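Paired with chain B in one complex and with chain C in the other, chain A is shared by the two complexes that follow.
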Partner chain A sequence: MLKYFVKRLIMMIPMIVFISFLVFVALDLTPGDPLTAQFSPESISGLTHEQLDALREEAGLNDSLVVRYLRWFGGVLKGDFGYSIQTGTPIGSIIANLLPATIYLALAALVLSVLMGLLFGILSAIKHNTIIDYLSSLFGVIGISMPEFFIGILAILIFAIQLKWFPAQGRTEIGATFWVNLKYILLPALSLGLALTAALTRYTRNSMLDVMNKNYVKTARAKGLSEWKVFYRHVFRNALMPISVLICLRLPMLIGGSVVIEQVFGYAGIGSRLLTAINSNDYQLVLSIIFLLSIVSLLSSVLIDLITGLLDPRVRYN
Partner chain B sequence: MRNVASKLVSNKAALLGLAIIVIIILLCALAPLMTPYNPTKPDFSAQVQPPGGAHPFGTDKLGRDILARVLYGGRVSILIGLSGAVGGMLLGVIIGSLCGYFRGWLDAVFVKVAELVSIFPQILLVLVLVTILQQSMYNLIMIFIATGWVATFRMVRGRFFSLREESFVEACRVFGLGDLSIAFRHILPNCLGPVIVQLTLNTAGFILQEAALSFIGLGVPSGTPTWGNIMNAAKEIVSINQYPWVWLAPGLAIALFVLGVNFFGDGLRDALDPKQI
Partner chain C sequence: MSENKDILLSIRNLKTHFHVRKRVIRAVDGVSLDVRAGKTLGLVGESGCGKSITAHTILRLLPKTARIKDGEIIFHSRKRQPVDLLKLQPSGKEMRGIRGNDISMIFQDPMSSLNPVYRIGDQIVESILEHENTTRAEAMERALEMLKRLSIPSAEKRIREYPHQFSGGMKQRVMIAMGLICNPELLIADEPTTALDVTIQAQILELMQELQRQLGFTIILITHNMGIVADVADDVAVMYMGKIMEFGSKEDVFLRPSHPYTRALLKSVPVLGNSGRDLLEPIRGSTPDPSDLPEGCSFAPRCDFAKPECGQAIPYVDVGNGHLVRCVLAEGREVRDGQ
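So, the complex of A and B:
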């Protein structure tokens, strides 16, 4: 068990290195002067051309790609991402402020989607071929057909503007408690997660129906196990594997989707910051954010793998 | 083949989906016949008119007719979705067949590449390319192809693994057929069913992706209307509430088209499934 965990974690390291190298090459290809990204504006504002050239030489900006990459990566590991051209502030502090907000959003979307998707899927499987089943299949297909931002805009129109149940934009207020923050995060999280909820409902229903017809379920019932035990120990845990594969596959979409949803709801996270950075050609910030979001994506898929490994032993011995 | 077709025809949802797809494609292709308006020329005498009268879907802030923009925009959106999906399918089929048949180091390399590509959220890859290069329709299609081959690749490769042990493959070898011929002419046709289903799913997915990217302004440049571009107007709260027709029409168009594709794809998958009668 522990061996599987450790192996999985170790396999992540070459991936992280590879992604960081790709990101650095992309950064190198962008136009613009790397000097402005590595030094704070105050320290280079008054310098002449010769002084700037000397500074470049000293900072090693004329070295080869590999050397510069290693230096950048070393800085990244220490938390130093350079400076944002837009605001002149160190990128590290921008990320520290905004990345947690995005992670909360994606996490909230994931938790809500998994809970609702599993619930609806199990319900439709248990009551299959009834009106509940039909309605949730319909919900399933419609949910994966609508663009996320469209769902978001509709939600704003209906729940925020017309019904006034939730705020339409923003992330938090001054002196906000946990419950106030919840109000702000609910609509964005639901919109972000709707597609996943719909996909999960379909998958869970099909997966459960598949398993419920298997012989070992009949055996368990014949043995006299209570319906709940049959459900949990045999049906649910066996149906879980394709479900977790689906979650793993759609996780990157949650992270990517948060970029758009943050824009729609004016939610101040790293995604909306990424968009303003692109529009102002702030390459260092753009690529630092993209690097971090990729790492988050990688980490979360490994995490889901580990959780599934806990619940379904077949995964560990794959 | 006849069996598949009959199962498909008896599936009402699939037929409905097919009808939706065909009708929307026809409407968009025949756009010049359907509306007299120019989708890109502003008309400041008729700004933000609600639907009705001369403009059945209303007009936007620059006075452009929404129905015209939806119809012309549909052409671009559907084109991008389809070409991305077809390109991805071709790439995935070729790489999947080669890896599935020859295995070895080729296979190991591509499996790792596929894993890496699928970890990256697609939107981030698009954003990286938009940062380095310009925004254009072709770059978008390129990225969709570059990220869309993975699912088809995995499917074809899986099928090849099981099929290459079959006796008909040995028979082909005995006859002296070359490897490539066996792979592409004899094994591949048996894999095409799920590949076509994946094609429909990818089309739907790419149309949604393009809409999202154009909505935030990083997809197709705003000079060319696409379904996502038109909805760019709904970024402000004011337009969400006061001019709902500007964003409702393209949003519903996207949802309806993708719904049709999903219905049809579901029907195809059920018809091709040998386990179901």
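So, the complex of A and C:
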């Protein structure tokens, strides 16, 4: 199992190289002086034309594409993404500042939607074809069909502006108490996770109903196990395999959704920063963030393999 | 059908119906039979005639849409007072204490009857730990012993393997081991070999008989195959559209078949005397819609000897020595179902 997983991680390397190369070529094609993307504004302001040319030669900007790519990729591996054209700050530090907040938001959304999605799904499977089941499938349809920004705005209007239960905008800094944290994160996390919650509710319900009809569940009952043991040892345990795959498949969407949700909630994270970067033609920053987000997607696909391997012996033993 | 000390299970006038979209499917519609302790009862009939539903009713493992309309199933266990299984709560403590412990069941399709995510050993042990106060290690020891009894090669290694690593025949052996692990009094085997190769079928049946001799449990063997019944059964119940058409010892039913359906069934498959000599004759027509059964004898529309009286309620007739037949042509002492 470990060997398989390590192999899977190693197989990721060429993918990362390929994506990074695409990103680099795209960067290379963007308009603007590449010098401003590699040096801080202070260090190049006041230099003469000749000095800039010399710097260009020295920085290797006249080298071939491949050589420049390798140099750039080497920097990226060390966390050196160059400089934002717009603000002149190192991209590495922008990411280091904002990425944790986005990961926190996405994780909160993930945890909330997994808990709620499983709960609603299990309930409607157990009570299937009752009012509970119909309500939860209605919720599923609504959750899947409504775009995140709409949910977010609606949530702000109702729960922040009308009811004043939660703050409408912003996020906490490190060190805030649990309750303050919860107050700020709950609305954006719920809005971000709603689509996943809805998808999980339906998927959990259907997987559970599917497994309930399996012959091995009848075998479990024939052993004299209580309904509860049949349920968690045999039904839920087996339904968990497809459910966990769905969760991992949806992880990149959660990250993608954070772009919009951060904007709506004025939440300072990498997603809202991506939007401002796009608006101000900050290509260097845009591509660096996209590169990071695609790595996250890639990692979640490896995570799918890891989890299915852990949960399903048929996969584990090939 | 008299009360008798060596009767383990006695079913009277059992009716299990399904209500599907306003239609009533009378899957089991007045089944009465006795299962003798330590013997093998062959429950035989064409597919769809209600054999599996009868078995599931005994263990109270019916789907939610099923309704038990009438009847009783008295279980004369050596370990407890006689109990009417139909009076117990399906998922209550008492019924669960019987399931897998006193009465076990193995199913037609061994491929899908084992949970793919647990090791074989763990799945067998689950029954023991549910019904007895033992340690896991002791239970595992017993599971291993049982696997060896079922001649599973290198059982020490295989007990730690997963279902997908077993062939169909080996899986069915595991299912039998699972069924027998708590030393039940009754094993219900629902078409245990139908999904298997012919050569493996014989091995499994032989193994079951051998274990029955060693351990002394009773078997209800459900099959649509008269040949299998001829090989392994002591008593035979011939079922058609929810009713037992003929019931008796294997000799009575095979040598003196008294119901036209039994005779038709015997002629349609190669069994005992007729193999090779007589031509096989499929039964004329097909089984009727179970939600729209004819009054009286449901076999009448396919029967060569049908008479107008067949449209009325047909009583059970004892044609001698507990050989019971439900047919207007049968002559003998009439028995009421509830008797």
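Heads up, the rule we're going with is that the second predicted complex is superposed on the first by the 308 of 318 C-alpha atoms of A that agree within 3 Å, B and C clash if a C-alpha of one lies under 4 Å from a C-alpha of the other, contacts with A are read in each partner's own complex, and residues count from 1 in each chain.
Definition applied: contacts are C-beta pairs under 8 Å (C-beta built on N, C-alpha and C of every residue); 3 or more make two chains touch, one makes a residue touch a chain.
In this text the structure is predicted, and so the values were computed from the model without any measurement.
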Room on chain A for both chain B and chain C (clash or fit):
fit
Can A:Leu285 be said to touch chain B (first), chain C (second), both, or neither?
neither
Have a look at where A:Ala101 lands relative to chain B and chain C in the superposition and call it first, second, both or neither.
neither
Between the centres of chain B and chain C, viewed from chain A's Cα centre, what angle do you get? Round it to the nearest 10 degrees, please.
80
On the A-aligned overlay, A:Leu293 touches which partner chain: chain B = first, chain C = second, or both, or neither?
first
Output check: A:Asn238 vs chain B and chain C. Expected answer is one of first, second, both, neither. What do you get?
second
With the two complexes superposed on chain A, say which partner A:Ser226 touches: chain B (first), chain C (second), both, or neither.
second
Using the touch definition from the top, say if A:Tyr216 reaches chain B (first), chain C (second), both or neither.
second
Which superposed partner A:Leu311 touches (first chain B, second chain C, both, neither)
second
The answer to whether chain B or chain C touches more of chain A is B
Could you look at A:Leu192 and tell me whether it touches chain B, chain C, both or neither (first, second, both, neither)?
neither
After superposing the two complexes, find the smallest distance in angstrom between C-alpha atoms of chain B and C-alpha atoms of chain C.
13
Go through chain A and flag every residue that touches chain B in one model and chain C in the other.
none
Of all residues in chain C, which touch chain A in the complex?
59, 61, 91, 96-101, 104-105, 107, 109, 112-117, 126-127, 130-131, 162, 164-165, 175, 178
The chain A residues in contact with chain C across the complex are 214-216, 218-227, 229, 233-234, 237-238, 241, 311-314, 317
Give every residue of chain A touching chain B within the complex, in rising order.
15, 18-19, 23, 26, 29-30, 141-142, 144-150, 153-154, 156-157, 161, 168-169, 249, 252-253, 255-257, 259-260, 263-264, 274-275, 278-279, 281, 283, 286-287, 290, 293-294, 297-298, 301
In the complex, the residues of chain B that touch chain A are 116, 118-124, 127-128, 130-132, 204, 208, 211-212, 215-218, 228, 231, 234-235, 237, 240-241, 244, 247, 251, 254-255, 258-259, 261-263, 266
